[in-house]
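For reference, the structure is listed below as structure tokens.
We call the chains A, B, C, D and E, going by the order they appear; numbering starts again at 1 in every chain.
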Amino acid sequence: MTFVWGLLWGLGAVMLIAGGAVIGVWWERKVAGRIQLRLGPQQIGPAGSLQMLADVPKLLFKEDIVPDGADKPVFRYAPLAVFAPIAMAAAVIPFWAGWAPFDSTVGVLFFLAVPAIGVIGILLSAWGSHNTLSTIGGLRAAAQMISYEVPRSLSVLSIVVLAGSMRPVEIMDAWRWWWVPLTLVGFVIYFTASIAEMNRGPFDLPEAESELVAGYFADYSGFRWAIFMMGEYGAMIVASLFGAAVFLGGFRWLPGIAGFVVFIALATLVITAVMWIKWTFPRFRQDHLMTFCWTVLTPLALLQLVVAGVVSLWL
Amino acid sequence: MNLNELREHLCATYPDLCPLFSVEFGDGVMQVASSGLHSAAADMKALGFDMLGMVTAVDFGEDFELIYRLRSREMRVGMIVRTRVPRGNPSVASVTDLWPAANWHEREVYDLFGITFEGHPDLRRILLPDDWVGHPLRKDYEDPGVIRRPDYL
Amino acid sequence: MAVTPEPVRTPATVSDEYPAGIKGVIAGARSILTGFAVTMSKVRTRPVTIRYPAEKVTVSDRWRGALRLRGVLGRDEVPLLSSMPGEHNALIDDLHRSSRLPGCVGNCPANVDARGQSFLIADGRVADAYALVRERNIMPGVLGRICHHPCETACRRNFYDEPIAIRPLHRFAYEEFQKIRPDALPVLPNTRGKRVAIIGSGPSGLAAAYDLMRLGYGVVMYESEAEPGGALRSGVPSYRLPRDVLSREIADIVEMGLELHCGVEVGKDKPLAAIRRETDAVLLAVGLQQSRILPIPGSDAEGVIGALEFLWAGNHTGEAGVRGKRVFVIGGGNVAVDVARVALRVGATEVRLASLEADDEMPAHPWEITEALDEGVIATCSVGPEEVLTENHRVVGMRMRECLSVFDEFGRFSPKFGEGLSDFACDVVVFAIGQSAKLDTLLGGTEVMMSGQSRLAVDGTTFTTTTPGVFACGEVVTGPGSAIGSIATGHEAADTIHRFLQDLPLDDEARIRRPVPAYAKYAHVDLSLVEDDRRRADMPFSDPAERSQDFQPVELGLSYDEAMAEATRCLRCESEVCVGCTFCARTCPDFAITVERDDTPGERCLTLYELDLTKCCFCGLCAEQCPTGALTHTGQYELSFFHRDLMTFDKGEMLRDGGGDRATGRDGIVSPVCPSCEEVER
Amino acid sequence: MAGIDDVAKALERVPGGGIILTSIDAIADWSRGYSLWMMPMGTACCAMELIAASFSKFDFDRHGSIPRPDPRHTDVMVVAGTITHKMAPSVKRLWEQMPDPKWCIAMGNCAISGGIFYYDTYSVVRGVDEFLPVDVYIAGCPPRPEALQDAILRLREKVRAESVSPGRARTIESILPLPSDAPRGSGGDAE
Amino acid sequence: MTEPRDTAVAPETPVPVVDDNGHLIVNIGPSHPSTHGVCRVLVELDGEIVVKAEPIIGHLHRGIEKMAENRTYLQVVPLTDRLDYVGSMYANWAYCRAVERLAGIRVPERAEYIRVIVCELQRIASHMMAIGPAGADTGATSAFMYTFWQREMVVDLFEALCGARLTYNYVRPGGVASDLPDGWIERCRAFIAQHPAAMLEIDRFLFGNVIFRARTKGIGVLDAADAVAWGATGPVARGSGMSWDLRRDDPYSVYPRFDFDVPVGSRGDAYDRARVRVYEAVESCRIIGQALDGLAEFKPGDIMAEAMPRLLAPPPGDAYDHIESARGSLGVYLVSDGSVRPYRMKVRSPAFCNLALLPLLAEGHTLSDLVVILGSLDPVFGEVDR
């Protein structure tokens, strides 16, 4: 039975991420446009909203080049290795009061651990495309994503300590409004570390446009590259949903259907913040990235954990 | 240290070249034999001409004229050193050791004129592809790929 | 005007550091927030994007878009500037205001349409050319020989190589017209029933007469001499102006209905008052008859003569009493040069010309001076007359004083003399330093007032004298000047008389002044760079040595094909019709234009005009150089093409209308009407 | 693309196949037209206008066209600027790396024919169409950014006329003249 | 070279991916988003650290100097537009000054004032094209958009003045091509009124940003002695404290009549070089303001030397003249043999000399810094390769 449900939910997750990517790409080009005093896509659909309707079929019809120097199987299945973990991670997000697609007792641990597989996907694609610049991109991505796992996990841990359980549904039930001010620093750390996980914004060293031309997915064309794009936007959506749910309370603000709407609004707000940061700030350099992670984010996350622990003692 | 002090100083050190010293638009001009170029340049640098503006060449048919434009910032005066190099074996001493700026200038003159500079760290072509044959800025350079302009005024 | 914020001060050094320690971290955090604040403010401001293709940026009118031709030789007519007398000034003025007035027409005092004349001659219609020119300078044959051609100095071709030979073309038009002249010229009847009397048959009188006859008035003209022509006959020597040409052209005007009475000296044979009563208006065009003699010691000795009397004697009788003698001419103007050259021809053994001005400041025309010097005249400059040396009342020599400068710093004539004296031996002294009018007999008994130095009191712009109905024009009003200058005053006087007889106010804003446009000084052109077919047709001269013996004409005139080739050189300035002068092709840095022209008279046309848009660098040099303003930039910037060979615009596509933003060339396919194009295209 | 060609041939033989093919063509061409991602091959002054075209005043993003530095992700290569003999191999290699349904816009006279550098130069390739199949030429030196956007719109018309299977390409309905129109310079009676 | 080059694919010398001592050879290719044009940098990487970076130029070498020997003096002006296509007015003016010095032409005062106004506007536009990419190289593409918007305004002013956005062909030997259209002076004043404020905002937004400072401070440090030795001029030299500006130290044209400061950096890193340009743009606004006021006293229309011939043929001889362009001292050396075409034209291009610094500055930095250093040298390859 769970297999059928799993299959169903797999398709659902892919639909969720694909739809999210479609809207995400459009929203990103709109936000980037307005920040840069221009309009963004505008010709298809109201205010250009159906622009992806033109991009996706075009990518489908694109020729799918596999460079002869690359080693074929690694090159072909790398995008899958990047996309799949994100779809899996989407399974444990508590969408509704008392319900999550996969309600497991260790949901939070599952959510934090699975995206780590994405790193391997990126390394596979970097190494597979046999191209100096993308190899450098891949190595950068590996260093960055592994090191940013630590502050991200610690910040989520403070919520788990407060709620006393790793089950997302229980966390949502135990959620109190005063958790938001308490774990605000935790949320900021989680938010920053998630951006680093997605390789976006100031942390997009692996696919640094101005240095490595296109980083690890330089040699991917057509739909294979689109899967990478969906992976990136999927990761953004999943991280924002989880952040909005766990840190900002998601549907707990209002009972019933209104709560769900608030939850989606909060997630959109977080996504927009991610995009806003990308188009405002320059890019970190490799060593700044590391020092920022280990000397700033991790100590703060530990501090937040201590605070959460002390408070949970008084409860 | 303005122009006439410069002139006296040069006439003292280079008695034979003194008559050739002249002033052109406010810059001193010194005509030097190609063999004595490096020593003259070294003197100039010692004198205070710390900026090398430009090294260029002009093809005058039977020989090339090399022009070095020097400038000293605190003396606010410029100096032009000219030498003539025969077309047969156009080679002269490189001044890259005095002014590193000359590195790329001399490579360009070598690339477009074919004048070799002894002592230059890596004298290669800089503008044209490495397998290019011939030196385009010479007056006698013909290239079948070039389409001549129609000849009317 | 935007309020200017307080000026931003440049700091001593631009590298500023964060404060150390915790304050640095705070500063860093604050910079993150300012980053957000700036992007938020940008999100709030309206996007600046232009929604192309719905909204389009209005391109500035100087935008150098794709080029087009406004008009092409053979398809578009060059506007001819011919009009009824009285409206000509208005026509020239509105051309000047819209800066479409060609240099040659603007600089000519009588605004002769030299452009139209070259166009008509090149097209083979020489009779129309003669008629067109005669409208404004009434005697193309005469002016073709003696005019000082200000039109050629202002000709735009000076900028490219050499000016068009406009004066020789006048003469060519006259000679061709004589070959094909109709047996009877159309008579201009007196339709308005009013008669005008003109005293004096000089160029100004004839011009006024011709205008008034065309306006439909009856004109009666009185001439004191036996032959009409005034200063042209007695002043201008016949080697420059053969008498038959002068008589022929004046006879033409008489044939058109001019009532001419020669040998009648008004004031003596017939009183002016009587003439005034018989006619409705009188025009005094008597010119200047007396030459001035300087009251220096010995000026009354025998052998001293005035320039006009000398020329009169030389021209009429061929004998001036100087055969075998040495002549000393005082003066540096055109009259002095004519006197010197006539003296040579009537047997003077040695002719010396003494002028106050230095050799380059002499008022005579440079080409006249060189012709005179070739013929053997000796010129001494910057010397002023001091005293005539006489022996028992006969002239034996001339004492001249050295002259340092002629004009003071304001350009006024105030010569300063030095001490150096020099004596020259000579037998005859001719004073050619100025002329004045002899009006006492003419004006005896009438109230026409004289202004100071024996000149008529005349209003400069309307040419009216103090008594109503009596007008004046020509040199008697303006003083010594050029022939074409007097003709111009004749036209103005005719306008005034016409307004007077129609009882219109003589001078109101309806009457348009003749514009006097300023012309850029052209630099000298190095002619060695100019190919032969672009050179000017040079006028053949008779050999200087043998021409100084007799009165044979000096200039021998252009041959038929020389004149036709010369006429095709005219650039048709400001006519917005491309003439194929190839100067746009020569100045283009990318050599993107090829022009070919077919010059067969009658069907002249531009056979090939090709602009290769793929090579054009849109630098605008060709449009600036185009003398006719035919080649212009359109505002078209949408120049996308699917096929490269469509990007070479040929003549048909260059004539597209140029509106809108797209230049596919194809939308402008215009059926070329010129005959030879049809065969070429098909 | 190779795979699609033989599928298309097989489909044509199937009785209802034509309709399916035209609908596939319609979708493919429409989507390609509205998302022509641009490979900015900018070398000289035209590169400045290329940047201007994709920035705030003349926004390229409005037409769905993002400038991507990587040849693999782009559809149309805009050659903007003078291509010299030293640069030509790089341009050729980048062109070959672009995935297949790819088009080329020669922007500016230097790219079309060497422009101002046609005569008397030894190192300029006289026109990119010596080694690239150019679809749209834009005259101008440099062309305005709107001219580039206009070229994209014209390319859209050209793309719309293409077809998945080679044999079925339709005629291009475009406001630009095609050589097949009235022969050049003919009399006005053609209208 | 016997037969014309076939341009299908010339055999590109294969570059080994990893050389003998284990360094990675990376080829930041001729077409790269952040090389400001066509420069191929051959980089030897030890991990991420640059061991040796050698710029290979010549990809835009069109032989303009050889072409100039086949064009008349007026036809060379459109060629100079294409030299430094971000700042065409400079190349025009430097060339025209050399021709005027060669032929002894006296330029009317009004033309000199217009030339100063136009070239200072061009300095602002060119600096926008240098400050913006400094942000874009480090990832802040929005900063590039804001500076480019300022440049767009200047380009509109030029389009109204001479009819072209980039290749103006406006400064001619003897004066300028056309006079200011009416209404232009007010538009120009409106621009220089709002420009300093925009520059301050960019200064706060980009140069104040902690990430940008971390990325550019201390990168590619060039001390003053090296700057002089390597012949660097312009903002690159002024960034490291060498206060050398031709407009003040070797004054030409009517610059002595205006008072302006010359911003100077002290540490000579990429940050200083970029920030010097911000304040130079502000100083240019001051100069334009003063020049516009000074313009009123000259008769409109008197913009070209008197009786300029169509085919200028200066007497045999040679002349060199240089001006302070946005990248440094741009000089043109002309040799004339008395004919209507220059015998030899040499352009002393500041970007060529400044780019020679790249190997010196890039050693020891990471790959990301290499891109930032290249951006701070602000090379324009039309002028580098000529």
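Brief remarks on what is shown
Definition applied: a contact is a pair of C-beta atoms (placed from the backbone, for glycine too) under 8 Å apart; a residue touches a chain by one contact, two chains touch by 3 or more.
The model shown is predicted, which means the values in this text are computed figures rather than measured ones.
Common neighbours of subunit A and subunit D, by the contact definition above: C, E. Among the remaining chains, those touching subunit C and also subunit D are A, B, E.
The chain pair with more C-beta contacts between its two chains, of B-C and B-E, is B-E.
Set against the C-alpha centre of subunit C, every other chain centre is closer than that of A. Among the chains present, the centre nearest to the common Cα mean is that of E. For the pair subunit C and subunit E, the distance between C-alpha centroids works out to 49 Å.
Each chain gets one centre point, the mean of its Cα atoms, and the points for subunit D and subunit E are 32 Å apart. Spacing of subunit A relative to subunit C, judged by their CA centroids, is 84 angstrom. Spacing of subunit A relative to subunit B, judged by their CA centroids, is 61 angstrom. Contact with two or more other chains is made by residues 55-57, 59, 62, 69, 85-86, 116, 118-123, 141, 144 of subunit D. In subunit C, the residues that touch at least two other chains are 32, 35, 38-39, 42, 47-49, 51, 59, 529, 589, 591, 617-618. Along subunit B, residues 128-129, 136, 143, 145, 149, 153 each make contact with two or more other chains. The list of touching chain pairs reads A-C, A-D, A-E, B-C, B-D, B-E, C-D, C-E, D-E. Contacts from subunit A toward subunit D in the complex involve residues 29, 33, 36-44, 48, 51, 53-58, 61-65, 209, 213-214, 218-222, 225.
In the complex of the two chains, the subunit E residues touching subunit D come out as 5, 7-10, 12, 29-33, 37-38, 40, 58-63, 66-67, 70-71, 78-79, 81-82, 85-86, 129, 144-145, 148-149, 152, 155, 165-167, 381-382.
The residues of subunit B lying in touch with subunit E in their complex are 25, 50-54, 56, 58-59, 67, 69, 73, 76, 80, 99-101, 103-105, 108, 112, 125-134, 136-137, 143-145, 149, 153. The residues of subunit C lying in touch with subunit D in their complex are 47-53, 56-57, 59, 66, 589-591, 612-618, 637-647, 650-653, 661-662, 664-666, 669-672, 678, 681-682. Against subunit A, the residues of subunit C that register as touching in their complex are 32, 35-36, 38-39, 42-43, 45, 47-49, 51.
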